[in-house]
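Below, each structure is written out as structure tokens.
Below are two complexes that have chain A in common, paired first with chain B and then with chain C.
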Partner chain A sequence: MGTLETMKDIFNNPNKIIEEWKKDGKKVVGHRCMYVPEEIIHAAGMLPYPTFGTPEPIKKADSYFQPCACEFVRNLFDLALDKKFGFLDSMVLCNTCDAVRHLYNMWDTYVDSVPCYMVNNPQKMYDESGFKFYRMELEKFKKLMEDLSGNKITDESLKKSIELYDETRRLLKELNDLRKRDIPAISGSEFLRTSMASMLMPKENANPLLRKLIDEVKNREIKNADGPRILLTGSIIDNPTLIELVEDMGGVVVVDDLCTSAKYFWYTTKPNNDPMDAIVRFNLERTLCACAHPSEDRYDYLQGLIREFNIDGIIYFNIKYCHPFVYESAIFRKKLEEEVPTLTLEVDHSLSGLGQLKTRVQAFIEML
Partner chain B sequence: MGTLETMKDIFNNPNKIIEEWKKDGKKVVGHRCMYVPEEIIHAAGMLPYPTFGTPEPIKKADSYFQPCACEFVRNLFDLALDKKFGFLDSMVLCNTCDAVRHLYNMWDTYVDSVPCYMVNNPQKMYDESGFKFYRMELEKFKKLMEDLSGNKITDESLKKSIELYDETRRLLKELNDLRKRDIPAISGSEFLRTSMASMLMPKENANPLLRKLIDEVKNREIKNADGPRILLTGSIIDNPTLIELVEDMGGVVVVDDLCTSAKYFWYTTKPNNDPMDAIVRFNLERTLCACAHPSEDRYDYLQGLIREFNIDGIIYFNIKYCHPFVYESAIFRKKLEEEVPTLTLEVDHSLSGLGQLKTRVQAFIEML
Partner chain C sequence: MATKVTAPGKKSLQTTLEIGKAIRAYYGGIKEAQKAGKPVIWSYGLVPREIFHAANAPVIYLEHLPLMIGAKQLSGHYIQIAEEEGFSRDVCAFHRCFLGCAVAKERDPYLEKFFAPPNLIIASNLPCMSESKSFLYAADHHDCPYYFLDAPINTWGKDIPEYAIEYFAGQLKGAIDSMEEHGFKVDMDKLKESINLTKKMMGLWNEIDNCRKTVPTPMSTVDGITAAYPLIQLPGTELGVTLFERLLEELKERVEKKQGVIEDEKLRLMWFGVPPFYNMGLFNYVEKYGAVVVKSMVEYIAGGAFDPSVMDPEKPLESLAYKALVDIVNPTYTNMVDFIVKAVEDFKIDGLIGVVKRSCGLLPGYMRLAKDAVYNGSGVPMTIFDLDGLDIREYDDVTSKANLDSFVESLLANKRRQ
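Showing the complex of A and B:
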């Protein structure tokens, strides 16, 4: 089995990772989203596990949340009520959007099986007062992780964890760079599976696999690379189906600015003797998510992607109803359209209504 | 004209306040919402002006925001695009919800007539790190207000402003207490108009009027007070029509937990020699809004209202689509219904669909 297949297998069966990890009695800490510092969890000897959703329709959660609430959050809550996250020793959320703040209240009230904690990151970026606030919040989080694991987190262990995670980010970016070519070395759906598998795995295992994969694909050229070059952006996509749909319609997805892909690995930490400060600055010196404020920097970053990856068209996927991206897409679409044709699509997280989507994507790609 | 009528007149014609204030060349600073510290604006010699919406349908803003975006925010943006806030020297927003954070981006990009500033309050309450962060943010805001007004804000002037605003809050609460009686002294719609007029007016004028009003109504009994006693809660209601609707259907609205009413005046600042610290603690020691985290304290406060005002039924109004309250109402309804019958209604800010609402409110009140 080639490494691309291995990655696909890990993506399809993440429970194997958990079983393997827990064999030695080690703990697993679930989290949502990328502003939760995984390095602190890892430095305490635990596995940080990004919780994704499933494409199944929501059952129990719909008697708690209203239908206009974010479907991804309802999906997570559904899985929690169904005890599908029973393997977690704790869940960690962070202050991103209205939905996640309230998911915390719901989880804390109704999900007895897994305790939930909230890291209170500021939403304002690049700001001395925010740095100080976040530092204090992370010190509390560090203490909590030490108590949960029974392991002390030293500056040394934290530095090692940061280096390990930075290496994953560097490798994913190196792999992603192979998509800049006229004929990319890896397709959009292959890349998303690889990226998500790397996020789910212990980084000790992910890094050698990624190195091997880069070697395996670097002289490769994907098929059907003569269509328009597409940038995918928007709220979370934790399922390659949407990307496959774009590829089936003839689009060449050359970069996915998603929190399951580029947003995760785009930046690495800056050299810093104080590892906690390194994490603070890493998270507050990048406006990657529409939940962060202000949005100018995220717009500049998207413009950079358009140039670097030679983009012909942008598809902006909004999960119903992810408000930060709904709001952002409105202002960004107006600006982006001045440079590159942009299609904004509202999608169900459960991927119902794919037929209609297909028609709109097809029309867009034919137009390019 | 009785004072109740005077208040109604002020509520209906707030432009008179502005004209009067600006006569001497003094500045007006618009703001949304109650976490913007009005006292700092006032201490700089400017009028803090809470911007409310209008019941008219949205025009221009709907080509910028999607229809599932908060209608109140779209309404404000519409008014701003239409230069209806042209009388403001500056607009101030604060970090409450996804909608307002993005309103800042939109305003900053598309509204040239009025500059916009954002106060970055933390959403986590009761927390030392939050206190420190907010203090730093408020120092920046104070400097900005000094620069805008050309007036230095001293500890003394700030203390005086706090005392003035606390007096407004105490007086509104005293008036509100007259609704605890078996037969309230003031109806729900009368109270909302009075409360909103007091919010709009310079407090130097509001306080004597409120004192006079309390004297005038304290021996009064409203008509039709034999219906069930209703607590109104939910997202912003800046129009007495919804309250009148409940009253017309026979409900006796004895307390409105709205940011145009009880949320505005429920607490006063605590004695503190450092006025900036007083403001920090005032805003971060009360979880009054669904945007604040965690929600436990707000739930306790609602329970207190149920007991204090002897509530028979709760009506929870959600403006479409105010996400913090949509999420909160889901969890709160489940809890509240164990104590008091609760009706959750989704309403248009522009008040279309009143007929349908009427039917649901009528059925609820008959059931009580």
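Showing the complex of A and C:
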């Protein structure tokens, strides 16, 4: 089996990772959103596990959340109510949107089996007073992780974790760079599976696999690469179906500004003797999420992607009621369209209504 | 010819009529001030307005202007304009309405009386994170400077740690610096005086609330929502104190005379969610059953559930920071749910009405939590149904009234069985 297939297998069967990790009695900490520092969890000897949803329709969660709450969040809560996250020793959320704030409220109230914690991150970047506030919050979080694991987090262990996670980010970026070519080495859907598998795996296992994969695909060329080059952005996409839909319609997805892809690996930690300060600055010196201020920074980043990846068209996939991206797409649309055509689509996380989406994507690709 | 189904709410107090006049006078004054060369600020309702009063700054609030537009049944028109600009129907109707007002090429005579373009925008994520960016669009449209005030969510309950207060006080200082940079002079002595006045106002509000707890209630939420206006717009002002003093006096008199809003008060209700601003008469609709909507959650936005004794004029920014962070609408859920449970007990509520504004990212998330906490605590039931309090296009009068009918009838039937 090639490494690309191995990654696909890990993506399809993440339970194997958990079983393997838990064999020695080690703990797993679930999390959602990018301001939860995985390095602190790892430095305590636990596995940080990014929680993703499923395309299943919502069942129990709809009697807790109103249907006007983000479907991804309702889906996560549905899985929690169904005890699908029963393997977690704790769940950690952060302050990224109103829906995630409510996920904390609901989880803390109604899910007894897995305790939930909220990291209170500022939403304003590049602000020294925000760094100080976040540092205090992270110190509390560090202590919580120490108590949960029974292990002391030292500066040395934290530095090692930072280096390990940065290496994953560097390798994913290196792999992603192979999509800059006229004929990319890896397709959008293949990349998403690989990126998500790498996020799920212990990084000690992910990094050698990524190195091997880069080696295997560096001279590869994907088929059907003569269509328009697409930048995907918007809400979280945790299933390759939407990317496959674009690819099936003739688009070549060459970069995806998603929580499950570029947002995860785009930046690495800056050298710093104080590892906690390094984490603080890593998270608060970048505006990658639409929730963060200032927005200009994120716009510049998107412009950079357009240039670097030679983009012909942008597609925003906004999950219904994902307010941060619904606003961003409305605010950025006019400016982005001065650079490249931009299509904004409202999608259901459960992937219903794919037929209609297909028609709109097809029309967009044909127009390009 | 179609029958008009909406109606303004019937107020029963003299002071709330005066407050209504004060609102119109305030907004009318903004336009005049700008004509006279004074810069105008646009901001959000929960940004502590004491800092604006300390600079004599005319301010238009994003939540308040749509509310006035909604009461005149004009919200649908401006919301439509924002949608044509690319804003999805999923985003908050208040923000869409305000953005529609902000970018409209032509404004109707009512809005035109109050509308003044911004010279500075001070935005915040308190309490709605997701909507915190809508002002960016307005800032871009009016080519105006923009300051963002970041509020940490409240994960601590009532014991807000020093470092959080320090952070938000620093953000307020940043807002003041931005104001000074753009033509305002913030008088710190006046700010301290404002803290004293806010403290006094909050104390009066608590006394007003105590009067409203009596049976029969001397004041329904129809008056209450207008009466809460000074909490939003006038904290830290002499006018706010005077209006609350008069209101308290009027209520005390009614309590003494045992004069209720209706003659035979059988049921006491509480409203959770955005009131129907274009149809405040819906609150009066239940009176035919002998039911009164005694309170609504919206009256507590901007500090209505706040203990004023903790405010220290010598630490004005820290006091304002504490007041803002501990506000019940600042997530997470603890303070909000505790407050609802306590309010239901204190106001002797028989039933809680929860309405869901589909485009709201904040309040609908509390519905189930409030319903369970109240029912488990006191056995008081809650009904929940869809009702967008601002976007009149979404309003369904028959369904809304049917929901109220069935809830009130079941409460009355329960009472009869007791």
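The rule is simple: the second predicted complex is superposed on the first by the 368 of 368 C-alpha atoms of A that agree within 3 Å, B and C clash if a C-alpha of one lies under 4 Å from a C-alpha of the other, contacts with A are read in each partner's own complex, and residues count from 1 in each chain.
Basically, contacts are C-beta pairs under 8 Å (C-beta built on N, C-alpha and C of every residue); 3 or more make two chains touch, one makes a residue touch a chain.
Note that the structure is predicted; figures quoted are calculated from it, not measured.
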| item | value |
| --- | --- |
| Which of chain B and chain C A:K270 touches, first, second, both or neither | neither |
| Touching partner for A:K132 - first (chain B), second (chain C), both, neither | both |
| Touched partner set for A:T109, first chain B, second chain C, both or neither | both |
| First (chain B), second (chain C), both or neither touched by A:K59 | neither |
| Which superposed partner A:K152 touches (first chain B, second chain C, both, neither) | neither |
| Touching both chain B and chain C, residues of chain A | 64-66, 68-69, 95, 97-99, 101-102, 104-106, 108-109, 118, 120, 122-124, 127, 129-130, 132-133, 136, 290-291, 293-295, 320-321, 323-324, 326-331, 334 |
| Chain C partner contacts - residues on chain A that touch it in the complex | 63-66, 68-69, 95-99, 101-102, 104-106, 108-109, 118, 120, 122-124, 127, 129-130, 132-133, 136, 290-291, 293-295, 318, 320-321, 323-324, 326-331, 333-334, 344, 346 |
| Chain A-touching residues of chain C, taken from the complex the two chains share | 85-88, 90-92, 125, 128-134, 136-137, 140, 148, 150, 152-153, 155, 161, 163-164, 166-167, 170-171, 331-333, 356, 358-362, 364-369, 372 |
| For the chain B and chain A complex, residues of the former touching the latter | 64-66, 68-69, 95, 97-99, 101-102, 104-106, 108-109, 118, 120, 122-124, 127-130, 132-133, 136-137, 140, 290-291, 293-295, 320-321, 323-324, 326-331, 334 |
